[in-house]
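First subunit A sits with subunit B, and in the next complex the same chain sits with subunit C.
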Partner chain A sequence: MLRYIARRLLHMVPLLFGVTLISFIVIHLSPGDFLAEIRLNPVVDPAVVEEMRRNLGLDQPVYIQYLKWLWAVLHFDFGYSFAYHVPVAWLLGSRLLNTLLLNLGALVLAWLIAIPIGIHAATRQYSWSDNALSMVAYLGISTPTFFSGLLLLYLAFVTGWLPIGGMTSIEYDTLPWYGKVLDVARHMVVPATVLAFGAAAGLMRQMRANLLEVLRQDYVRTARAKGLAERPVTYKHAVRNAINPLITIFGFEIGALLSGSAILENVVGWPGLGQLILESVVRKDLYVVMGALLLGSVTLILGNLIADILLAVADPRIRYD
Partner chain B sequence: MTSTRVPARAHPVPLQELAAVGAARVVRRTPRELAWRQLRKHRVAMVGLGILAVLYTMMLFAEFLAPYPLDFTDRNRFFHPPILPRFVDAEGRVHLRPFVYATTLVDPQLRIYRPDTSRRYPVRFFVQGEPYRLFWLIPTRVHLFGVDEPGRIFLMGTDQFGRDLFSRILYGSRVSLLIGIMVVSITIPIGMVYGGIAGYYGGRVDNTMMRVVEAIIALPGFYLLITLSAILPTNVGCTTRFYLIVIILSFLGWTGFSRLIRGYVLSLKEREFVLAARALGRDDLGIILRHILPNTASLVLVVATLSIPGAILGESGLSFLGFGVREPCASWGNLLTAGTNLINLSRSPWLLLPGVFIVLAVVAYNFLGDGLRDAFDPRLRSG
Partner chain C sequence: MRRSALALLVAFVLAGTTAALSAAAPAPRFSLPGIPNPGVNMRAPEIGKYGGTYIISQISDPRTFNPIVVQDTASGAVTGAFADGLVEQNYITGEIEPSLAESWSVSPDGRTWTFTLREGIVWSDGQPLTTADVEFTAKAIFTPGVDNSFRNLLTFRGEPVRWRVLDRRRIQFMTPRNQPPVGLFLRFIGFPIVPKHKLEAALNAGGQQFTQSWGINANPRDIVGSGPFILQSYTPGQRVILLRNPRFWKVDRQGQRLPYLTRYVILVVPNTEAARLKFLARETDAYGARPREFAELKALERQHNFTIYDGPETFTREFLVFNQNPNAPISKTKVAWFSDVRFRRALAHAIDQQTIINQVYAGRATPPTSDVSVGNTLYYNRNLRPYPYDLNRAQQLLAEAGYRKGPDGVLRDSQGNVVEFTIVTNAGNQDREAIGNIVRQDFVKLGIRATFTTEAFPSLVSKLTGTYNWEAIIIGFTGGIEPCTARNLWLSSGDLHMWNPNQKQPATAWEAEVDRLFEQCGTEVDQNKRKAILARFQEVVYENLPMLYFPYVKTQPALRNTIGNVKLGLQGVTGELETRYFKGAYRP
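Right after this comes the complex of A and B.
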């Protein structure tokens, strides 16, 4: 197992190299650079702009820029943000926690909702509640987060029950610690519900399908034949085996923790990574975009690795050598 | 690695059919006929097909159905609430012919419009209006319905410039409904050939080819999408930009597809009919194109249908954020941008209607895709 993990981690090296190469090429295909806006300003002397360009290292050939960046990254130096004048690592770190908080909240919520509902739907296949839940699940997987986000913000605005965007209130700094927690929690309700709705819909469909499959197995029939009540048959025998394949989904969700909420963050004004990257792409803040893409990729790859490991831990039939 | 479960091609034979075989004469049915029979029984899939038929008909007849042209604005009637045809007038008299009242703005702040009930404007059908070409071919001026000036008919209200939302949703349907089909028609051939070659040759070829795919998949999709769309020139026409977005979405979409085909081909290539073809001396490309890939047809149809929603959501998300199709052109995504101002939205909730159309189209494709999957291959079923 350890050897397998080591091999997978080694495998990441060329993969991440490819990822950075693709990212760098893609970013440099877009016209203009960070200084384009300043250049249009008639007050600024072109010589000054040229000086800035040299300082930022944008005057060098693209491959030199790439190699320099790569060399620095190998030393855990992700460069400076042109726009914020702070290290990229610091900038990403400050947004990372917000995005993680939102996505983890949504993840927990989604699993808490989806598993019981999936069990309910599978044990009552084709009942009216199963059919209704299926329809709701279809809506969940088909509604873009920016639409459901707008819809909930509209409701929050009209009813006045919940804050309409952002992560904190104006008076946040004056609140005691429990007030701060409560304040962020209140702001989280709308975006977390939106994310959880979509995730729970997919999860519930999967859970229902898995459980239906397991309930058809011979050992379930055996359990019933020996006179076991329906509840222990479902919960002790079937559900445990039906949850197993969901581990793969869990891995994907771990991988998407940083990128899953990108659009929604821009709709509800959540100060996370998604908002940062959008802004950085518009402003051509080169190293921030590179850093965010790299961070997102590492998380995705690690998520897949975690899924494979968990799968092997949970299911002794799966072995990696 | 865990082995991916690859479905064998199996076509469900309904019990009635088995009975028919035993009873009188054998009815031979092709797999396609069997699948179609299965699909017709799938109520949800039929609903999806119905919704799609309506939406695509609306798209084809967009100019005919839209009472106002794309660039129409009525500056005096911004954020106007929907005006629906009415049959009962202000005095409570019933009229057989639908009509509307003209309105005037009384409070620009609260956007209150007062109807002028002194005169009725009947809804006229097959009216002469803005000239256009039906199906891009037949020049005509006939529109399905309209009212005389200064009466207006805004079935779904107007936006901040007084543009008719209903007309713009119709025009925008072209972008949102075509993008999925176009993206899939690019990613399928690429994915099939790429995945087919990788899976068939295996070994080092497969290894190298799949590394490229993995590197693209390893990038977080939406981040990459935004970064890619920053490449697009901003000074090009709507149509050009639309095609460029198709290319971007295809660049992201072909990878998952090739991985799927590769896995399937890996299992197919050991089958007898491939060995037979090889024994008969067919060249590799011939075997891949003529023997292996045709066997993936039903899988491809299912996956293609289920990946159209992804493209629709990708485009509308991009356009919503201002990175995709831009004003003055309409797409369901960028129409919804008007709703991001909550103050405007709270007074004009009809601005959310384009989102309803997005959901409708995506739900319909998911319905149909699930139905196709069940019809073609019960082993692929997931719910």
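Right after this comes the complex of A and C.
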């Protein structure tokens, strides 16, 4: 197992190299650069723009820029943001935890809701509650997060029960620790609900389908035939076997922990990575984009690895060595 | 010394603006502990009350807290609250008035300017603010690697301004032989002063170091200022909190120290929709509404206890420009059409400005004339009349230029080429996209095969300034109050002379005239003559139409009724931070 993990981690190196190289080239292939905005300022002299270009290192050939960036990254220096004049690592770091917090909250919420509901729906297939839950699930799958986000924000505005977007209130710094937790929780209600709703809907359908499949298997019939009660049949035998595909999904979800909420963050003003990355892509703030890409790739690869490991842990039949 | 400063101010004041006259009238003398001659704010209509947190929202995060390297408005909103310059602009009249410098004088040849700082003024950490700080700031501006937009303005025909410290309170600036105009020099010299004792180490380490110092990752306690507020905290993606600077150097008309507010908070919101909801929910006190929202918000005034004001036009100009560049990689036939002033005038007559005003701006805009917005009360040429929407006149002009509309309804030039071109604008700008669609339809009515598409902003700019591979572009420029600072756009040698950039010799007589006018504007001292020069400039642009302008858009600021000292100024500014106050109950 350890050898397998080491091999997978080693695979990451060429993979990340390829991802960053291709991204770097693609960014440079698309026309225009970070200085587009200042070029359109009639007061600014072109010589000044040229100097800025030199200061940013954008006057050098692409391969030199890439190699310099790569060399720095190997030393854990992710470069400077053109727009913010601060290290990319600081910039991403200042938002990373917020995004992580939101997505983890939503993830836990989604799984807590989806698994029991999925089991409930599978064991009572085509009952009115199954049908009703399926309806809700279709709604959840088909509603884009930006729309449900806006809807809930508007609800928050009309009722005045919840703050309109953001993550903390102005008085946050003066609050005691439990006040801070409550404050963030209040702000998290809208975005976490939206994310969890969408994710839970998919998960619940998955759980239901898997369980239905397993419940039709011969060993379940055998278990029932030898007189085992319905509860142990479902929970001890069927559910444990039905959950395997969900573990793979869990891995993917870990990979998406940093990117899954990007659009929603822009709607509800959650100060996460999504807003920052979107803006840097539009502005062509090169090293921020590269840093974000690297971060996203690493989490995706690690998420998949974790999923594979969990699968081996959960299912004795799966072995990698 | 003070008397001469006042005399100068009076000389700048334009007839008819009473607010400016009252600002120049002798202000009552007050004193603050240690400051015998504090600034007196005479512009505020009311005497305020102390206390309260004033909250606004903006769409972007600040990018830096370093006042010298600021290039964007989001950062400017923060640094503007804590960094003052030698002089400041009156937000109502646009005139230059004393700030950290209580007075100034100019030598008879107009090249040597002596500024005298107020006595006893200090930074927010208590350190004295002296000419050493002014000198340090000027040095920083001219240090290679310090990305800033002031160096450009303080360099006259390749020669940088020079300076000499006389004593702790007096500093001289010397301009090169071809002296810039009085008004312009004072505008350029208003750069924010930064503290030497906090930033000297960074500058000694190099220009790049200085550019990165006082970044958004800085400890707020290291950032000191001279303005009405000081930075308390910044939470990325959420808010900037500023606190009252108890050492601020200004008083109100009764001699009470400003500012009135205890806190000033700038919330970062993801979009205008969120900004609006937060304003209506009373989480914020001000909202810069979009033109389309004016009527809707007007109806909500009473319910949500605010007032939305009928503000003046901004300085921004939106326009359509045609590629007249003979070296552009587009068809020579098209360049020939676009270079014909009759063609451009015909198209100007074909643009239905009223429809744009009604459909895009819900009536909240004014028909355009030339390159200076009607909102720029200092220089707008009131004698020009907008090109009327007149398809017959347009067709007549096209016929005169040899264009014929065939029985198939398609317009052809004298050689029989079908007149067709593509208009592009940057994707994501809803107003420009709407304008583009209207204009396209207008041109189709003339038989022109016009198409309209959008493109990402950086890509559009690289075409406009790099490859020149474009036919017609809709874009906009924000403008300063001084039109003749836009040299890069208007000089025929300019890089941003979009329709035909980097000319060795002016290609046309009118471009030669604009070159001359800009040269005069750069050296003319007399304000009335400058007005005349700029009026002629607008006339030349109006007649030759290198760009077809779209309506000047009005502002519609909305403000909670509990806020005091509201008086609309240029571009819809509703007042000054230093005199803002809460009339009744306020948030702590």
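The criterion applied here is as follows: the second predicted complex is superposed on the first by the 318 of 321 C-alpha atoms of A that agree within 3 Å, B and C clash if a C-alpha of one lies under 4 Å from a C-alpha of the other, contacts with A are read in each partner's own complex, and residues count from 1 in each chain.
By definition in this document, a contact is a pair of C-beta atoms (placed from the backbone, for glycine too) under 8 Å apart; a residue touches a chain by one contact, two chains touch by 3 or more.
A quick note: this is a predicted structure, and the numbers were derived from the prediction, not measured.
**Q** Given the superposition on subunit A, are subunit B and subunit C in a clash or a fit?
**A** On the superposed model, which is not a single observed complex, subunit B and subunit C clash.
**Q** Touch test for A:Ile318: subunit B only (first), subunit C only (second), both, or neither?
**A** first
**Q** Between subunit B and subunit C, whom does A:Val267 touch in the aligned arrangement: first, second, both, or neither?
**A** A:Val267 sits against subunit B and subunit C alike.
**Q** Figure out whether A:Asn98 sits in contact with subunit B (first) or subunit C (second), or with both, or with neither.
**A** second
**Q** Per the contact definition in the header, classify A:Val88: touching subunit B only (first), subunit C only (second), both, or neither.
**A** The answer is neither, since A:Val88 touches no partner chain.
**Q** Mind working out whether A:Val43 is in touch with subunit B, subunit C, both or neither, as first, second, both or neither?
**A** Touch partner of A:Val43: subunit C, not subunit B.
**Q** Looking at A:Met167 after the superposition, I want to know if it touches subunit B, subunit C, both of them or none. Which is it: first, second, both, neither?
**A** second
**Q** On the A-aligned overlay, A:Val281 touches which partner chain: subunit B = first, subunit C = second, or both, or neither?
**A** After superposition on chain A, A:Val281 lies in contact with subunit B alone.
**Q** Taking the superposition as given, does A:Pro31 touch the first partner, subunit B, the second, subunit C, both, or neither?
**A** So A:Pro31 meets both subunit B and subunit C here.
**Q** Of the stretches 148-156, 256-264, 292-300 or 544-552, which one in subunit C hits subunit B?
**A** Residues of subunit C that clash with subunit B lie in 292-300.
**Q** Following superposition on chain A, which residues of subunit A contact subunit B and also contact subunit C?
**A** In subunit A, residues 30-31, 150, 153-154, 157, 164-165, 266-267, 282, 284 are touched by subunit B and also by subunit C.
**Q** With touch defined as at the start, can you tell me which subunit C residues reach subunit A in the complex?
**A** Residues in contact with subunit A: 53, 55, 60, 63-64, 66, 69, 71, 144-145, 147, 149, 151-153, 208, 211-212, 215-217, 233, 235-239, 241, 265, 267-271, 273-274, 277-278, 280-281, 283, 456-467, 475, 477, 479-480, 485-490, 495-496.
**Q** Once bound in the complex, which stretches of subunit A touch subunit B?
**A** So the residues of subunit A touching subunit B come out as 14-16, 18-19, 21-23, 26-27, 29-31, 134, 137-139, 141-144, 146-147, 150-151, 153-154, 157-158, 164-165, 205-206, 208-209, 256, 258-259, 262-263, 266-267, 274, 277-278, 281-282, 284, 289, 292-293, 296-297, 299-301, 308, 311, 318, 320.
**Q** Of all residues in subunit A, which touch subunit C in the complex?
**A** Listed in rising order, the residues of subunit A that touch subunit C are 30-34, 36-46, 48, 51-52, 55, 80, 83-87, 90-91, 94-95, 98, 150, 153-154, 157, 160, 163-168, 170, 172-173, 265-272, 275-276, 279, 282-284.
**Q** Across the complex, what residues on subunit B touch subunit A?
**A** These residues of subunit B touch subunit A: 1-2, 211-212, 214-216, 218-224, 226-228, 230-231, 233, 309, 313, 316-317, 320-321, 336, 339-340, 342, 345-346, 349, 352, 355, 358-359, 362-363, 366-367, 381-383.
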